[in-house]
Structures are given as structure tokens and as C-alpha cells.
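Both of the next two complexes hold chain A, though its partner changes from chain B to chain C.
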Partner chain A sequence: MTTIPESLKAPLTELLLSTADDKFLLGHRNADWTGLGPILEEDIAFSSIAQDEIAHAEVLYQFIHTQLGGAKPDDLAYGREPREYRCAALVELGDEFDWSRAIVRQFFCDHFDAVRLGRLAASSWPTLAVLAGRLLAEERAHVQHADTWIVRLGRGTPESHDRMQRAIDALWPDTGSLFEAVWGEGLLEPSGVYPRGDERMSVTWHRSIAERAGEAGLTVPASVPKQKQPGGRAGQHTPQFEELLAELCEVYRVEPKAAW
Partner chain B sequence: MMMSSASVTQHNSMSRVRENILEPIDPGRLAAESDLTAYEVFIQLKRSDPHVHAGSLDAPDDEIALQFAREHYARDQQCVHIWVVPRSAIISTDYDKDLVWRHTDQSYRLAKGYAGVLKKWQQFRKKKDIDEYQKSDLKEGF
Partner chain C sequence: MVTEAEILDVLRTIPDPELPIGIVDLGIVHNIDVADRGSPNPGVPGVRMPEQTGVPVECDVSIEILPTFVGCPALRVIEEQVASKVGQLAGVGSVRIGIVYDPPWSVERISPAGRQALAELGVTVPLPSGERLVSLGVQRRDAATPAACPFCGSTQTELESAFGPTRCKMIYYCSACGNPFEHLRRLT
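Let's look at the complex of A and B:
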């Protein structure tokens, strides 16, 4: 198809907003580590990857604006009400300035993004598929980076192993938030705009997470937890979210119409 | 972050995470420098280009060194290929003991002797009889 039917624009907007919002919030959170990373080069790498996440979010907001009739990227990124954001609880939480939490969250989110972008890259709408394919190629580098640390810290010293296992245990309950269905995503499946894979996303995700964790000598529970519904995908966010959003939008809110 | 203007309530604009780091770090728990290996990084901007030295970095092992190199050196400009080489693999000369550039004048080896040739050709071409010579030469050859 060369363009999508009008009726699919709203559901696709919701889906791409959830993708973009996850990345935007994650990139913002991870940018807090700039200057504070465990070793110099990892500080640089982690900051660089945070910039990638924000770039991906921008590309997606831009797509929503030019292809789906959405508002301008800046207004989408900074100008919505809290309940209009579609990010999952997992990306809203702080990491308590604990590196093990930051890298485990990256591990969970990058693997999930790879699965989600994989579906979008197989879209029957070529314009979307091409874009998602490009993002997926970069996402794979993120996955590689997170995997590298999971394995090395998991198999490092008893202290690094314990910290990693505690981080996994602390963050696991919120992993379910990634898989909450976005409104209308089912409508995108028959036409192949958001084609179903051979199995549920949570199954694919869990398998790759468990495999890598096993390699690292770490354990993950046998199944993805159920998240309270409605959650982030429906605009119901954690108590931290409004404060986080206020910090993120502080400069924009001083003068929303400013030209940068 | 931008400082708030006078008409807005003053508050700390910096991200709150930085408030948590006032505690001094015990130097004994920092990563020992011997845990990290020094690597030299070379990047190739286009596939047909030679690899160019971009800088160096410290990393725990080869795989991470490559990832660090990508995130550090391959982001400021378009780049298609990266080499990382442990500094220990590099065999080099010694500044004091080894002679690299020779003492004797061997400038005949250099190509600079041909720098004035273009100017000479331009001067010759200005002269009319050279043009006539070239015309007859072309007639004979072709």
C-alpha cells in the first residue's frame, strides 16, 4: 500500500506515540548519568545511546506529524497533558542512582524495543517499514551493549552478581507494563500495518531475556508479570510521572512558541 | 538547563539525581586501573578510504572496546568501519634510540622537483610557435 486508510491513522498514532514516549522518557532518564557513569568510556557510551533514544523519539514524532496529521514534533514531545502520554511504567521510574538498575532497565527496554520495531519493520506500509528498519538496526547495537554488561557483571564478582540479581528482582514486576496493549493496536493487524508475529511479543521477549540472563548466571522469573490495567499505555501513569514530565518540559513551558 | 527568570519562583533546575552524589567515594572501591586495557582506535570514513587514527580509549576487553569506539569516535562524523588495536600490539620506534628521518640531505628522493613544471608548460604554451608545432604534430599523428 502507498498510504494507509484514514481509519487506521488514529490507532497507528497511538502505537507510535507509545514507542516514541518510551524512548523519549528513557533517553531523558539515561541522560542524567552523563558525567556520573562508572567508567569514563561507559559514561560516554551510555550518554551516546541516550542520545540515540531521543533521536528515535524525534524521528517517530516527526513521522506522526508528517504522515498521520499529528501536531509538530516539539508540541508532541513537550506539549501534551500527562494523561496523553503513552509510556510504560518501567521507563518512568527512577533508578535510585544505581548503575545496576540503569543497565538492567536498558536490558529490558532495548530487547522490548527490538521486538516492537521488528514488527513495525515488517509493516505492509513501506514508508513505515523502512523507517522502523533503520531504527531497528540502531536498536540492535543498543541490545548488544546492554547484553555485554549483563553478562560481564553477572559473571563478574560476587558483588556485581548480587547487585545485578537485585536489580532484576526489583524491576521485574514492572516489565509487564511494556506489554499492555495500546488502544486500537488490534485494528492494525489484519491489514498488516502492525503485523502479528508467530508468537506473542512477551514470549519472544522473555525468551531472549532469559537466554542472556542464563549466560550471565542470573535468574529471571518464568513469566512476565501482569500489570495493573489500565496503565501507562492508556495514560494512567505512576506518581513520579508528573514531576518527571515537569522537569522534562520546564524549558519548553517557559515559552512554548519559542523558535530553537 | 536554563535558569528561571525573575518572574518565576526560584528553584533548583538541575536534575534531582545529582543531589544524591555528595557522598565522597571511597577510593578503595574504584576500579583498579589495571582492570582496563588501552586501545588505539582507527576509523574508516568511507569504504574506499584508509583507516585513520581517531584516538584511544581504555576498556576491559576487545568486545567492549569496539562498542566504546563506536559510541565515542564514530558519532561525530559518518563512519563505516572501526579497528581497535590493543596498544600492546603496536610495535614502535624509540624517540631517543632510533633514527627515523635521515640526517643526510636526500631531497632528490622527494617529488618536489616537479613542482615548477606546470608553470614552465604554461609559459611555453603562451609562445605562438609552440602552438604551430602542436598543430602540425596533431596533423601527422591523427
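Let's look at the complex of A and C:
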């Protein structure tokens, strides 16, 4: 297809907002570590990844604006009410500056992003597929980065192993939030705009997570928890989300009309 | 009327803000299009009036730029530079800059002169696909072989961090001469 049918613009906007919002919030969480990374190279790497995530969010907001008739990128990023954001609970969770939690959260989110971008890169709408393909190529470097840490710390000292296992156990219940269906997703699948894979996303994700964890001597539960109530994809966020968003939007809200 | 070659000459004078080479050598200029206006049309908003420049507006220029990385923060600076410098050419009305991702930019697009300039400043570039690095009689593919050190030429180098000072660079360390250096990242 060369253009996107009008009827699919709203569902695709929801899907791309969830993708962009995940990246935007995760990038913001990662940026907390700038200057505090465990070693200098990692400080640079994690800051660089934060920059990637926020840049990815920005081009997706831009895409929603120019291709789907959405609001301007800055207004999408900073100008919405909390219930209008579509990010998953997992990216909203704080890490209390515990590196094991930060890197396990990253590990879960990067693998999920790679699966989701893979579906978008296979879109029947070339304009979307081309952009998603570029994002995916960059995302693969994030996956590799997270995998390296999982294996290094999982097989490191008994203390590093235990802390990684505790972080996995603590964050696992929220992994289901990534897979909560986005409104209108079912409408995008038949046209191939967001094609279904051969298996459910959670199956693909779980396999790669379990493989890497196994290599690291860590264990993950046998299945991904189901998101029972409406969550982030439906605008229902964690208790800490409003505070996090207020911090992120503080400067914008001083003067929303200011040009930067 | 201004020609594509003249525009390219102007673009050659624009440096990349994060790398010590020009944007043309970096290979991010994809397409230049000059549209003849036919007759001067001073009524279009944003177009300079003939009396301001002394030359009637003859054409509109559109230029496609391929970002090295999605949302590269240097892009805005590059866009401003391109719009300003090309816009100063006699007879040019508007300059439209499109950011496109297809074809994707890759390290293969860097010119030989660009590679040389980068190497002189200690930044190495993955070899073009298919080319092999010859070292100690063993031919190894680029992917499996770390970059040769730009300072001493040794291939006894290792990846220190996949993320460097800018989004397009990685940090390598040369075990032979003890220097760190930067290597451009290849996206596949």
C-alpha cells in the first residue's frame, strides 16, 4: 500500500504512541544515570542509549504529526494529560539507582522493542516500514548491550548473580504490561500495516529472554504474566507516573508556547 | 540558473558538526533537485524580492539528506547550514530540505578523502563490504576483525565500548601502542 487508509490512522496513532511513549519514558529513566554509571565507559554507553531512546521517540512523534495528522512532536511529548500517555508500567518503575534493576528493566524493554519494531519493519506501508527498519538496526545494539551485562553480572560473583536474580524476580510481574493490547491493534493486522508474526510476541520475547538468562545462569518464570486490568496502553498508569511526568515536563509547562 | 554542480560545491564547504569531514564526504547528501520557476514570482511568502538581492528568483531547490543515525542531534545544525548557504546562491528562492531514511546511510557512503581525513584525526571506519583487511598473512573479514589502530597500524585492538562520544562511534583500544581510538559504527 502506498498510502494509509483514513480508517487506520487512529489505531496506528495509538500503536506508535505506545512505542514512542515507552522509549521516551525509558530514555528519561536512563538519563538519570548520566554521571552515575558503574564505570566511565558504561556511563557513556547508557547515556548514549538514553539519547537514542529519546531520539527514537522524537522521530515517532514527528511521524505521527506529519503522516497521521497528530499534534506537533513537542506537544505530543510534553503536552498531554497523564491518561493520554500509552507507555507500559515497566518503563515507569524507578530503579532506586540499583544498577541490577536498571539493567534488567533495560534488558526486558530492549528485547520487547526489538520484537515490536520487527513487526513494524515488516509493515505493508513502506513509509512506516523504512523508518522502523532504521530504528530496529539501532535497537539491536541496545539488545546486545543489555545481553552483555546480563551475562557478565549473572556469571560474575555470587553477589552480582544474586542481585541480578532478585531484580529479575522483582520486575517480572510487570513484564505483562508490555504486552497489553493497544486499542485498534486488531484493525491493523489484516491490512498488514502491523503484521502478526508466526507466534505471539510474548512467546518470541520469552524465548530470547530465557535463552540469555540461561546463559547467565539466571532463571526466569515459565511464562509472561497476563495484564489483567486496563494498564498503561489504556492510559491507566502506576502511582509514580504523574510525578515522573511532571518532572519530565516541568520546563515545557513553564511556557508551552516557547520556541526552542 | 543555478546548477546541481554549483549547489554541490557549496555543500562541500559545510562541515559535519561532530566529525572532522564535510557532509558531502560523509555521504549524507542524497539528492539535489532544482525546479525552474519559469518566471519570477515575488508574491510567494518567504521569497526574497529581486530588489533585495539584485537577481530575480529563478528556481527552488530541494535537497535530501540521509541521517547517519535516526534523530541525530547534529541534523538541525546541518539543515540550518544547508538552507543558509544554498539560499545565498544567486537566483535561489526557497530551499527545502527533506530528511529521508531510504536508502539508509551506511559507512560505505563515506568518500576515500573522507576516510583519510577521519583517520588523520584518529577515527577509523569499517571497511566497505567485501573488502578484506590483510594482516599477518591472514585475511579476515571486517566484522570479525577489530579496526586497525589509526596511530600505529596494529590490528591488536579490542572493542572497549560499543557506545562512544557520539551516537555513530564506538571506542576501541590498541594493545600495541596503548591508545584508545574511535571507530564508526556499522549498522546492519
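Everything below uses one rule, namely that the second predicted complex is superposed on the first by the 259 of 260 C-alpha atoms of A that agree within 3 Å, B and C clash if a C-alpha of one lies under 4 Å from a C-alpha of the other, contacts with A are read in each partner's own complex, and residues count from 1 in each chain.
Simple rule for what comes next: a residue touches a chain if its C-beta (ideal position, glycine included) is under 8 Å from a C-beta of that chain, and two chains touch if they have at least 3 such contacts.
The shown structure was predicted, so the numbers you read here are calculated from the model rather than taken from an experiment.
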Based on the shared chain A superposition, would you classify chain B and chain C as clashing or fitting together? clash
First (chain B), second (chain C), both or neither touched by A:58: second
After lining up the shared chain so the two structures overlap, which partner does A:162 touch, if you call chain B first and chain C second: first, second, both or neither? neither
Once the shared chain is lined up, is A:36 touching chain B (first), chain C (second), both, or neither of them? first
Check the residue A:144 against both partner chains and state whether it touches chain B (first), chain C (second), both, or neither. both
So, A:45: does it touch chain B (first), chain C (second), both, or neither? both
First, second, both or neither for A:135, with chain B first and chain C second: second
What part of chain A is shared between its chain B contacts and its chain C contacts? 41-42, 44-45, 48-49, 141, 144-145
Over in the complex, which chain B residues touch chain A? Could you list them? 1-2, 4-5, 8, 13, 15-18, 20-21, 31, 36, 57-60, 63-64, 67-68, 70-72, 75
For the chain A and chain B complex, residues of the former touching the latter: 32, 36, 38-42, 44-45, 48-49, 94, 97, 141, 144-145, 148, 152, 247, 250-251, 254
Could you list, by residue number, the parts of chain A that touch chain C in their complex? 41-42, 44-46, 48-49, 51-52, 54-56, 58-59, 126, 130-131, 133-135, 137-138, 141, 144-145
Could you please specify the touching residues of chain C with respect to chain A in the complex? 69-73, 101-102, 104, 160-165, 167, 171, 185, 187-188
